[in-house]
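What follows is a structure written as structure tokens; I'll ask about it next.
Chain nomenclature is as follows: A, B, C and D, assigned in order of appearance, with residue numbering initiated at 1 for each chain independently.
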Amino acid sequence: MIDKTVQSVVDALEGVTSGMTLMLGGFGLCGIPENAISELVRLGVSNLKCISNNAGVDDFGLGLLLQQKQIKTMIASYVGENAEFERQMLSGELEVILTPQGTLAEKCRAAQTGIPAFYTPAGFGTEVANGKEIRTFHGKNYVMEEAYQADFAFVKAWKGDEAGNLIFNGTARNFNPLMCGAAKVTVAEVEELLPAGSLDPNQIHIPGILVNRIFQGQNYEKRIEQRTVRNI
Amino acid sequence: MALDKMDIAKRIAQELKDGFYVNLGIGIPTLVANYVPEGIQIEFQSENGILGMGPFPLDGDEDADLINAGKQTITSLPGASFFDSSMSFGMIRGKHVDLTILGAMEVSEKGDIANWKIPGKLVKGMGGAMDLVASAENIIVAMMHVNRKGDSKLLSKCTLPITGLGCVKRIVTELAVLDVIPQGFCLVERAPGVSVQEIKEATAGKIIIPDRVPEMQF
Amino acid sequence: MIDKTVQSVVDALEGVTSGMTLMLGGFGLCGIPENAISELVRLGVSNLKCISNNAGVDDFGLGLLLQQKQIKTMIASYVGENAEFERQMLSGELEVILTPQGTLAEKCRAAQTGIPAFYTPAGFGTEVANGKEIRTFHGKNYVMEEAYQADFAFVKAWKGDEAGNLIFNGTARNFNPLMCGAAKVTVAEVEELLPAGSLDPNQIHIPGILVNRIFQGQNYEKRIEQRTVRNI
Amino acid sequence: MALDKMDIAKRIAQELKDGFYVNLGIGIPTLVANYVPEGIQIEFQSENGILGMGPFPLDGDEDADLINAGKQTITSLPGASFFDSSMSFGMIRGKHVDLTILGAMEVSEKGDIANWKIPGKLVKGMGGAMDLVASAENIIVAMMHVNRKGDSKLLSKCTLPITGLGCVKRIVTELAVLDVIPQGFCLVERAPGVSVQEIKEATAGKIIIPDRVPEMQF
């Protein structure tokens, strides 16, 4: 067993510097790497290019990095719910590259799996396809999309083991598995870190080979964006 | 009389067929889940990674790890599954989802849809909409026939940035059900008490009026 | 819940006709759809194009279809261990299209997920790349490969439920998940068919949406090709 | 004296580094697992879908659902995981596997490898070999220096159909360890008692002989 554990979030983020391209898992505030984000704020690294489906809210998630103006470029599919984001985007401080959600997922998975490019129907005929190759297969038009290239990927899992194997919970899975191994260094934080051999090898969502560093996360807030209940 | 949002959702629910996997957009489409006809089995997919989505949880049962694409807390039904975003959009692109219901700002008589961006205003992003409209065989748009300024949203050509080309099959508005056919918008049904003339006037794109246009039945 | 159960292998294979393209899961004899193969033999359909990593052995797996000369074209990555296969191939009765194993897997997954084509480094500079587009990304050469198109996919899972959700066991997983939803009709046979709600939604390998028909398999032989043991 | 297969495997095992994920081909490469140096952690990947592969099972413990790429029954170690073939070759193409050790029929002085097909003879197929050689950063070939007819397998150009171009980094044979460098095969080590001259004669491709060629150490 190859041990991937590091003792703290500080060790986990060693090597992160300003100007890097980072992938961050999560959908909205669900399944975001809370510990890594806090540490990025503490480190004060800037000029970051962040690849993440969303950009958090004003005071949580990637919103914390926006507050400190640490992000220069944001690649996302949906960026509502964030006034500071809006201000920086409209003032031109922040570059925003909007990408269809499925394309964003597949570009991560392509990076993970050594596929340099693929074709998708998403975005054909729209401004998303500008400057990209268009190609017809079986009478339908597709856009060529290339794999992302990133320096660090920060993901959050539910359970993990010392070998770096990960299991996600519910819809907190989302982009997290696809970002593992999709950057030069993958850092996983987990709610529960277990000894190797604790997880059923059949049930592992991401094998440890795709994770470089794993650590026991602390103080998860797991904020809910839209608490919605039924009455009966 | 023009339909309200609940009625639009109710009318769209009549399009659900037994065994359909359905993806519902935010807004009116979400309401469709409340009107699934008796005796048919439907599974709802939410593109953030669940199939077999159930109703909102009871107060106190919310789980931060279980949300829908609108970021609302949800529940899962027996037979549900969770998966990553790649698998989720794989289902969508692979045409495994039978029906997509979503809102729109504009639809053209060619079936083009614009629903993600108003130039000069805040752009929130397309989320999964471009993947959905580029992939689904069966897309129903739920929207108001005219916008707040009174302009028709059914146009000969979209004026707003496109989300997808030639993809909308059917539109349900507060006034009518229309199909997109090669000749333009084909009027299929009128809302109860709404005249063909009213619908014609509210439609800027080319509209085809069959001899008989029945009223919607609820 | 959408019920995908059918009562027998006969119902499961309804609609299979001669000349069709079939995908069959399994690696060697591990995780092969034994019941579906037996039924294909019984049906006597012929002129089949089979996509499967291997072609079985003389008297088991796809070898059973070869014995009856039901296969016209075989797409596989490795076809050793089968004398009848060899005879038919050398005599020209059987067309064989050899495809790198990872490319075969990815072409199935592409069909499953609506990706019409992708680029892979496998086979560049070899006869596998003949007639295919070559393209350079970041200084490395890649071959464009297209998604498969198939009529039926036959897969074998360990556990499944009425909704068609599947869980695989060990290395019997292999190509099975990738073929689900990769053909017009996907037929899953399982060792244990359970009521919907019996499986943890977090642990499902293939959601039921990718399976059209599921049935309780019978009399699994699960033959071992190379029984190898250690002495201590 | 020329090495036997066990010794070739033993010498290759010296290339293993702590924390390496390793894919072993069929034949001599498989034997490398028996000689992992003390004190280092290695995980073996088998491309049919397991990471953390253990030794063969004890008699009676064989599991038909647990095999390696050679279709042999195996076991799994603590920390192991099972996955599908797409994920498995994703690991390989994505360069997550640190070292690939495989056999060859021919290697050229440019690092091309041929190991899957002999025209006119039965073709069994490339299996995962083309994916492996096209992707791995670090490929070691384990093979005999000459074939049964006495012809060198280290050539200026491969005569057999290619498996991959310019991919082999190091070759370990019964006679020598050689690196593929821009100028050709660079002789790195001799088998104990084997002369430089012997190696030179057994190598048809261009061979570069440094001033000092140490004997292998075991």
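One rule holds for everything that comes next: contacts are C-beta pairs under 8 Å (C-beta built on N, C-alpha and C of every residue); 3 or more make two chains touch, one makes a residue touch a chain.
What you see is a predicted model, and the numbers here were worked out from it, not measured in a lab.
Counting C-beta pairs in contact across A-D and across A-B shows that the higher total falls to A-B. Chain geometry summary: the mean Cα position of chain A and that of chain D are 36 Å apart. Inter-chain centre distance (chain B to chain D, centres taken as mean C-alpha positions): 56 Å. Once the centre of each chain is set as its mean CA position, chain A and chain C turn out to be 32 Å apart. Taking each chain's centre as the average of its CA atoms, chain A and chain B sit 29 Å apart. Along chain B, residues 50, 76, 82-83, 86, 89, 92-93, 135 each make contact with two or more other chains.
Residues of chain A in contact with two or more other chains: 106, 109, 113-115, 120-121, 168-170, 201-202.
Taken together, the touching pairs give a contact graph of some other shape, not a line, ring, star or complete one.
Contacting chain pairs in the structure are A-B, A-C, A-D, B-C, C-D. Put simply, chain A touches chain C in their complex at residues 106, 110, 113-121, 135, 137-138, 140, 142, 146, 167-170, 201-203. Only residues 1-3, 109, 111-115, 161-163, 165, 181, 195-197, 201-202, 204, 207-210 of chain C touch chain B when the two sit together in their complex. Interface of chain A with chain B (complex): residues 27-31, 53, 76-80, 86, 89-90, 96, 98, 100-106, 108-109, 120-128, 158, 168-178, 205, 222-230, 232. Note for the complex: chain D touches chain C at residues 46-50, 55-59, 61-68, 70-74, 76, 82-86, 88-89, 92-93, 112, 122-131, 134-135, 161-165. Looking at the complex, you find that chain B touches chain C at residues 19, 21, 41-43, 45, 50-52, 76-83, 86-87, 89-97, 135.
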